[in-house]
């Protein structure tokens, strides 16, 4: 069973909570996804809408709560957000995001490594969001990251595992769990990541912006299980030449 | 007195404890974290921390995010 | 629910029975797959192994039985095999395969159309295996095919839906069910086909040659459901630009 | 007498009904289809069709296939 | 050197003449492309614009003139257009196009084969536009086609060689030249087709709709040569593992 | 015209000199490639083969000489190699390679940035080999890199521009030239990189291990020009729907 | 007299030879092919074929195409 | 005397200038760079630098690489 920082997860689908049409749909999507790990962001209270409180939706006890540092542009901002998250009752789990450029939302390898080192010292279970860079993955692992989260494609693009080659190398080398994050836009993308041997996937946009987020959450849950089962069951090799699935002999009698 | 809350200048009656302000704003103290003049306020202190004129306060909480 | 020739199918995974390690594993894989449609081939009895009888494994009543004409090299041979299949108790369902070249096992568009016309007249429910040719799909449909079965990749290659562009056009135009057949090598491939709007997929090699065919059968079953659910729930659009999953405002306070 | 079964010449005792031959070969008549001199034999006829010298017989059945 | 119907071609780039911004630009693009084979269509004279005559632009003697049957929806229409083309001075060369559906412009395999047989009898050098169907390619070759022209992608899409797997099989099997036609949208696509072993490519839209059609014609000419040269020079194998291009020994002295 | 560190390059093909079958073939390949920028590595003299001296092959005056730091596993080793290269007469140009893992030969983002900062201070024109990481590219540019060299695929794999999505973002953002390096295995790959807007490509393995390295060098030279010309001439847009290249009207008269 | 040219009814003076009509229309006889009442007209006949009322004529030529 | 060249112990006659050694080894001084006891030797010094017993010398040059 998947273990991160000593915690066991039955579900290998981690769920982001952004951009859902309503709190009710988010609530149902969480259930439908079967997830045990939920990401949230930290933001200023909107004083004009004090009642809009996500903690009313999520049963803090039933899920591992994974605050992210989305919005942080360097290590300092990320560390500050991490500490606020902990003070806000977020616990020690942290999805580390350091994205200097709001246009691409791509992670900064140097600042991400720096923040990882600092937050690990500070007792956090750090899951860094990272470019699909195999050497960086080794460095983050050595720095004490609880898992590494290479991106499949830029956040919110739904393009799938465009980084398959690099992700494959990361999986092959990693001694900590590999969670493919960002860009997974369809259940087939999640299944592919799992078939490649990823330990889990994190999905948000593809579910929250779906026509029916609750059913889409269920679809991803099934796909993640399918992909993992296939990985464990052992996929057949790809071939360039056709090979018959029916017997090749025993038909002389029909030859015209 | 005037204090700054989440970057906006606000007029509030004094004396005022942090816990009172949070309640006045209709917020749940359990899910809100406060930064008081740049310092994170441990939740136990909410009941005793008295706001004073010119204070800068950040009230932060979790929102949906991926 | 999927309907072909008036018959309703709860499962959208059709299963081929070739190349399984043992009758027992085939039996369990059929159950694990949840399939309701099973393909078989027709061959001379091996007089030296009379006991090897697949009908001992498959409960004829519980499944729609879909004999194929694998091995047929032209329309005549296919029609002859089809009639033998019916005489053998195969019923009226038929997976039409006309593959003149044993090396590529690719279908012959002209002979396949000819055999479809003849067998439809003869009362068969014809499901022709075909190249991913949108115009041919319309012709087969007009000829009375109960469904069309475009290939994803050559038989047994496990390469997936290499014909996605053409299959997409076939699906868009078809008035009969579209079953993606051949080349699906992983659950993610099956999920992709279903996400594109295929009505079902037919899988054999990827399951029978897997390390653990029974678990792989389950994995495909889940992936097919995942893909179908996603198709119905409505996938989000692909984007070339990143878009944040967390709110983009409310962070001024952390700016260093 | 000699007949050809699935392309192989075979010596069988005569007289012999198709149903007998099928059973002699250890096959299940329910799952085997016979082509007798190029003609598909309806199952009911198995019990009555008598094989004669020189006959060509094909015995076919379903096997695993995709 | 490439030979089709006994004619030798130094250039392996065939050029379509549709959709150019002006006759002058077409004229220059033809020169820049270095092509020796030019396709044209046949249409009713526009009585309101009698001067618009492409034959004023193309020197009939310098190029092999390849009229197409674009617009034909079945074999009869194609044959009729072919004969009109010959009567119009088009000679015996013919690009056979039979596209029943104006929305997809995809070729009809059955009618294309039928028209090929008829036109070959009638003395035409038939180059049929076809779906990337390896069995159909063999049938067209057997019917006397002078070359086969499998599509890379639907006409005008610029998507490239989306049918690479099938085109590869066609090339491997063909005894007549294989010309990849339709959908080639960039020089890299043309180079890829040639690297795969195609004998030539036919390009129109990618050049005529380019920002600068004349320079784009030159770019395609270079790419076709590059791809062909690479095919003949022998491409290195693809590897999944890295291998150093610099020596792996002789550095002990720098180890920190 | 391409400018790097104030130097103008007519050719956008940079050539690596590793793994050529012979000095003579290397010499001819350099000429055939038309390159003006040549990479070399630095190694201990083999005392048992003192005559094997590449400087006998390359006319030091005719080419920009780009020593690499291949073999360096961290910033210190890279800096030391850089200084030796300069002392050896390599001049100020440097291809910075920091690859801690000889198995993947993938670059270390942190050490590469560190070495870039140090070597820029030391007066080198630094061209860092890097993972296709857009944020890292900005950092290297800010650190004074003369150009950035994102990888297309791992060294020596011939897999092409597998990092197209990221390379596209790097090109869009860069204020210094972008040179796609590593993994380009065919002229079509080089053409693609140039069509995307890359300023140049560096090729070694695909040429040196080709069946005929000299002809392959010529093929890459043509492909690079083709891709650049296409980029400048303006490629047509990709479409999902077909659009006719021949006129859609003027055929009523042939309708059967 | 009335004849139909490329599907459009046209009034032309008679008598009129095909070659004359083609020239009247400003077309180059070398690059135009004519279908006269459904029959392709060999170019040599252009000079002698006289059009008569009610004729249906198609004038076709090459245009840019791919 | 003994010195170490490229990691290998070597016996050479003394006295010996670096330039002499390079030539003895059949190398071109123009294309070889020397590290003498860890210090890069500027080319002008080749003619004057005298090797002494126990020296460690690295002789490096360019090779094909990508």
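General observations
Here the chain labels run A, B, C, D, E, F, G and H in written order, and each chain numbers its own residues starting at 1.
Note that in this section a contact is a pair of C-beta atoms (placed from the backbone, for glycine too) under 8 Å apart; a residue touches a chain by one contact, two chains touch by 3 or more.
Just so it is clear, the structure is predicted and the values come from calculations on it, not from any experiment.
Chains that count as touching both subunit C and subunit D, per the definition above, are A.
Counting only chains that touch, the fewest steps needed to get from subunit E to subunit H is 1.
Among the remaining chains, the Cα-based centre furthest from that of subunit C is the centre of H. Taking the mean of the C-alpha atoms as each chain's centre, subunit D and subunit F sit 71 Å apart.
Subunit D and subunit E, compared by their mean Cα positions, are separated by 56 Å. Subunit A and subunit E have CA centres that are 45 Å apart. With centres set at the average Cα position, the gap from subunit E to subunit F is 31 Å. In subunit H, the positions touching at least two other chains are 6-7, 35, 58, 60, 63-66.
Within subunit F, residues 16, 18-19, 41, 43-44, 68, 70, 104, 106, 154-155, 159, 204-205, 208, 245-247, 250, 252-253 each touch two or more of the remaining chains. Contact annotation for chain pairs lists A-B, A-C, A-D, A-F, B-C, C-D, C-E, E-F, E-G, E-H, F-G, F-H, with touch applied as defined. Residues of subunit H that touch subunit E in their complex: 6-7, 35, 58, 60, 63-66. Of all residues in subunit E, only 16-20, 26, 39-45, 47, 50-55, 67-68, 70, 83-85, 87-90, 155, 202, 204-205, 208 touch subunit G in the complex they form. Against subunit F, the residues of subunit E that register as touching in their complex are 16, 18-19, 41, 43-44, 46, 68, 70-74, 76-77, 80-81, 102-106, 154-159, 185-189, 191-192, 195, 204-206, 208-213, 215-216, 218-223, 225-227, 229-230, 232-256. Listing the residues of subunit B that touch subunit A in their complex gives 5-8, 25-28, 30-33, 35, 40-43, 58-66.
Here subunit A touches subunit F in the complex through residues 100-101, 104, 106-110, 113, 131, 133-136, 138-139, 153-154, 159, 162-163, 165-166, 169, 173, going by the rule given at the top.
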